[in-house]
Amino acid sequence: MIGNESLLQLALLLPLVAVAGIRLLGRHENLREAVSLLAGTALFATVCSLYDPVFRGELVEIRWLELMPGLSLAFRAEPLGLLFSLIASFLWSVTTLYAIGYMRGHGEGNQTRFYSLFAVSIGAVMGIAFAENLFTLFVFYEVLTLSTYPLVTHAGTDKARAGGRVYLGILLGTSIGFFLLAIVATWLLAGTLSFTPGGVFDADTPRSLLSVLLALYVFGVGKAAVMPFHRWLPAAMVAPTPVSALLHAVAVVKAGVFVLLKVCLLIFGLDTLGSIPATEWLLYLAGISVLLASVVALRQQNLKARLAYSTVSQLGYITMGALLATSAGFSGSALHIVMHAFGKITLFFCAGAILVAAHKTEIHQLRGIGRQMPVTMVAFFIASLSIIGIPPTGGTWSKWYLMLGTLEAGQWLLMALLMGSSLLSIAYLLPIPLRAFFSGNGQDSGGPPVAIREAPWPSLLAIGVTTLGCMLLLFYPNAFYQLIKVAL
Amino acid sequence: MLVAALYNYWIVIALMMIGLFVVILGGNLVKKIIGLNIFQTSVFIFYISVGKVDGGSAPILTEGVELYSNPLPHVLILTAIVVGIATTALALALAIRIKQAYGTIEERDIQTRDSQC
Amino acid sequence: MLAHLPVLQVILPLVAAPSCLIIRKSGLVWLFTFLVSLAALTVSALLLQQVIDSGVISYHLGGWDAPWGIEYRIDILNAWVLLIVSALGTVVLAAAHTSIRRELEEGQQILFYTLYLLCFSGLLGIVATGDVFNVFVFLEISSLSTYALIALGRDRRALWAAFQYLVMGTVGATFLLIGIGFLYMVTGTLNMQDLAARLPAIGTSTTVLAAFAFILVGICLKLALFPLHLWLPNAYAYAPSVVTAFIAATATKVAVYLLIRFTVSIFGVDFSLSVLPLQHLLIGLGLLGVLTASVVAVYQMNIKRMFAYSSVAQVGYMIVGIGLGTAAGLQATLLHLFNHALMKGALFLALAGVVYRVGSANISAFRGLGRRMPWTMGAIVIGGISLIGMPLTAGFISKWYLISAAVDSSHWLVALLLVAGSLLAVAYVWRLVEAAYFHSPETPDKPADEAPLSLLIPTWLLALANLYFGVDTRLPLAVTEMASRTLFGGAL
Amino acid sequence: MELLVDIALLGLLLVTAVAIAWARDLLAAVMLAGIYGLLSASFFMVMGAVDVAFTEAAVGAGISPLLMLATLSLTGRFQAGTDTRRVLFSLSLVILVGALLVAATLDMPAFGSPEAPAQQHVAPRYITESMNEIGIPNIVTSVLASYRAYDTLGEVVVIFTAGLGVLALLMSLPPQGEPVRGELLSPMRGHRILRVIGKILIPPILVFALYVQFHGEYGPGGGFQAGVIFAVGFILYAMLFGLDVVARVVSNAVVQVIAAVGVLLYGTVGLLGMLTGNNYLDYRDLAGDPVTGQHIGIIAIELGVGITVASVMMLVFFVFSGQLAGRRAG
């Protein structure tokens, strides 16, 4: 039997081992991808076996090194982090499976670099999830930015480079500009950076200062894509689809909102958070972010761009839930991390499948495609439901708790806003699968119809798994819900 | 009274500023170097003035003389003079090389020639 | 022998320099200079150890007591700077042989090493001494040799850059001389300790103020503090590659040291930062330097020039740290002194490798270089990341301390602007990374063509030092903390 | 009387400086700079700074104009005009600095006052004690070669550095392959009278150099001045009889080595101090009693200074005139 500490070590080091393996076996495609898959599965298993001890509230903590007095690289397995790492590691394996089909089907170059950076990113996500203090978190946050940057510019075209520049500029800019500053200020105010239940600040810390600090955090964590710092997310869509799917639907963006949740809960504490004047303003900002992004999404004709803006909007929900400073709102937020992850990754998988199989990227090209690619489009439909938040999908739960949260906090306006944006999400998501099935062939150009088949089987399998996940989460949200309860 | 007490210093300042003016004004590099020389030499004059003691004789010990000029500034300036000539020699060597490389030692021409390439 | 360490530190390279002319074989001369600088490095390490163990060391040259003779006075501050200078000087020298053989003619090589040693000992002499006039003398040794070294660059613009530097540097040194003269006039002494003891009694006479102003301007000219930096970019850009690496890693550091020595130790914090509006001036100019130079750096086509502007910006950081006027700020400056030497050393040595292989430091030459010279570019990326101040690199540590010092003394705006400077660093570093990794080379299919090992090893030594000192910070933190505490404790 | 001479000399200096700033003809400017050097030497003389006066005369009125003239013959005699904006800018900057300086003088001790701090603190010891401690009458030499001998070592290194710098800059040009005809190197070779006078003058010059070298302890003079005079002897010889003739006696490489030996001599004497168990440059134990030790040390290091200065001066001059020759041959 391995000790819990060793499990935590393993969770952090496995991705690195995978990187080494992938690099070594770079020449042999099959072996290389087998290593990726194997590492993914092993990582998921490792994280799963941490569930019990964390649930029982055992202290699982490791320290790597101390940089300067009080500033150390240290990790602790706690419920919120576990929740995040569970999803990320599970979806990593699934995405690897998907990527095998996609990358081969699409004939991408530099695949070894792709897979190894993919593993580095997941390693960084593990670091973020299990960080014991803000400093460690910041380190891995930056590692994640830097390691995903080459993935965004993977194609090496001018467009990809331009996208990469925006990506890096905003993410590094906000993190160094605001996040780091906020961390330094926290350090000076509280004398510690460790995540502490109930928050680290004294009761007599000036609220105005905390207001500034909170704003710095909300804007500094650019990965949470709160407007106006959301531009990087659509820009990142130049990346290959598996990257968009895993990183920009799950790992990177969820890292952002996860950081916000963690800061709200364990740096400020929900009670303190509720008493900060700026919280109200930031709440409305998040609300506006939700609404505006939905409207923008509606106007996008490129499928991936629409999904990207939808992500911006959904991230707004999560930010809002955390800032509500109520337990229901917080639970909703945390649950939405899970639900949205499954839903959005499915949607991206589908978009990638369409690209690989039919070479289509624009929405208007998708009319009637349901007949050639039924599995993909059914999956698209179910995932859309989950994003919108209607049964039979898991998204129902998170939306429910978020609504409850606005009610608890007495924010009627926000509640209305949530409902309005849900309607908008119906409008921008559902027509896509519906038209795919129920309208005529979009190829009215008169050329000879191209034979379109489903995507390669590994990709299809992956789509199936995540779609199933979306539905199963309706019935079994408990594992996650209990974890959130422990966190609170 | 004030004027008599500080006359030396003021002249020295005027000399310094003339030297500095020639340096900043630029133009011909050799002229610049001459300006630098004036500037430095005027600082030497300043130091030696500081070391002057009314009625003091040259700091070479002689029977029956009690009052000497301050020898320390003299020592410092001996060193500074050497530094000055060293700088001048190097600067002139540079000017020669610049003439060979650019064909001119007028500051403006050099700059235009640099911006062309 | 241990009792003579302070003077050996300077004398070893100083006496070794003329010996080079007698050896007359360039390979041998290189080996000789390298061994000498290694010895100097050992001496500086021993000195630091000695100072930590037993406090300030005072060494009376010629056996004459302090205000009458010249004193070498090593406290923790100059022991630290001595270590930085000798370490970087040694590492760069290790790399010099290969690069110099390509960039200079046979006859010039021996002169190069001689001048290098002279410059090296000049810099060490400035730091070690406790006598203000002796500072001037050694400043001139280092300056004259630097002018000549810069002028050895192959591009004709090196000559013009050297000349401009010579004029600016000489004016600066003469300003320093005027300031020293004023100080001597009102105190009758040249010894730093003695000056520090006698100045408070004189108070704020205009002569003292003018002395301060002239010394400050003189040092800032050497320091390339914005807006007195105009000589620096060309000098860095067109000097032989190793010379750039050497002076970028050491010369400005020594100037920063002088600034600290004069403002904090000699004039005293009270006088320098409280009586005068110097605090605002230093912070203002420092920030201005950080921002403008970084912006200009973004638009440079020549990468050596780009990093030269970045050096001007980084000097700004150090000046802001001094300007904050707190022990924490000073500590940040001292940390950055060390860390910046590591970064710029690594970066410019890596550039030397690029120039060696590709023959140019223009951004277009970097296209696709990530594949052609993976190790060299790897070192540049590490150095660049450290320059930006990413965690786990040395640059982060100094940024962290600087920002916390700013926030701690409630200079929020300063903190924000410092951070903005970092962002600009992202912009210019990333331009390079993008060119190297995400542009295809102009002549594709060129096989990997790494810089020679003799260049690569020192480069990576410094790159790894950037990582190492980003993680294990005990030594720099302990030393800088002790230094800033004693400086402020002694002055207040 | 002394004051009047002082005022007059300063006035002349001012006039000369203005004339230099005004001159378009660089040859005139260089000549004026020579006069400026001579005037300041005279001023130093009046101030009782005999050693400084001696040095300034050799440098400011001798070596420095000589090198400038050599440069001018390579770079051209006239300068171009300057633009007005630059004049205004420079003028305002200079006035600013000047105003600061004038303000600084207001709190200064009066000129010549024996009560000034500079005269009170460190210097008196040199005057009262140097006879006992060092044992030589020229206080300047005592301070220069013993109390502050380390500065002087620095000074020697500075001049050595400059020599090497000049060499590094100019040695590679012109291509050293083709021999240059002798008369091109000696513009005065044709003047028989000059050559005869030169032949008569040069030996006394060299002897005088030796006198200055070893007399520095008693009167004005010392290694630096001696080195310059010695070099002037050789330079004169080169001008009269050709560089190639001199080069036959001492080649460039040999001069380099000699320059290095001078610095090494100085440095080694310092190290000897350490071997006798004292600090660097402490000569007191070089002989039986401290005063004799000081004496030996000072003679040795002054010799080092003289050797280096003489050889660097020669080196610089040879390199400069090598350029001239190269240009004329080409």
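Here the chain labels run A, B, C and D in written order, and each chain numbers its own residues starting at 1.
Please note the rule applied: a contact is a pair of C-beta atoms (placed from the backbone, for glycine too) under 8 Å apart; a residue touches a chain by one contact, two chains touch by 3 or more.
Quick caveat, the model's predicted, so the values are computed rather than measured.
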Centrality ranking, top chain (CA atoms only): C
Length of the line joining the C-alpha centres of chain B and chain D, rounded to whole Å: 13
Length of the line joining the C-alpha centres of chain A and chain D, rounded to whole Å: 75
Between chain B and chain C, centroid-to-centroid distance (C-alpha), Å: 28
Intercentroid distance (Cα basis), chain D paired with chain C, Å: 31
Touching two or more other chains - residue numbers and ranges from chain C: 133, 137, 140, 144, 147-148, 151, 178, 184-185, 190
Multi-partner residues of chain A (each touching 2 or more other chains): none
Set of chain D residues in contact with two or more other chains: 101, 105-106, 108, 116, 118-119, 122-123, 126, 148, 151, 154-155, 158, 161-162, 165, 169
Pairs of chains, among all present, that meet the touch criterion: A-C, B-C, B-D, C-D
Parts of chain C lying in touch with chain D, wherever the complex brings them together: 4, 7, 11, 14-15, 17-22, 59-64, 67-70, 105, 107-108, 111-112, 114-115, 118, 121-122, 125, 133-134, 137-138, 140-141, 144-145, 147-148, 151-152, 178, 182, 184-190, 198, 205-211, 213
Residues of chain B that touch chain D when the two form their complex: 4-22, 24-31, 33-35, 37-38, 41-42, 44-45, 48-54, 56-62, 67-79, 81-90, 92-97, 99-100, 105-106, 108-109
Parts of chain D lying in touch with chain B, wherever the complex brings them together: 6-7, 10-11, 13-14, 17-18, 20-21, 26, 29-30, 33, 36-37, 40, 43-44, 47-52, 55-56, 59-60, 63-64, 67-68, 70-72, 74-76, 79-83, 86-87, 89-91, 93-95, 97-98, 101-102, 105-106, 108, 110-114, 116, 118-119, 122-123, 126-127, 130-131, 137-140, 142-144, 148, 151-152, 154-155, 158-159, 161-163, 165-166, 169-170, 173, 218-220, 224, 309, 316, 319-320, 323
Chain C - residues contacting chain B, complex: 133, 136-137, 140, 144, 147-148, 151, 156-157, 159-160, 162-163, 166-167, 170-171, 174, 177-178, 181, 184-185, 190
Residues of chain B touching chain C in the complex: 16, 20, 23, 29, 32, 36, 39-40, 43, 46-47, 50, 72-73, 76, 79-80, 83, 86-87, 90-91, 94-95, 97-98, 101-102, 110, 114
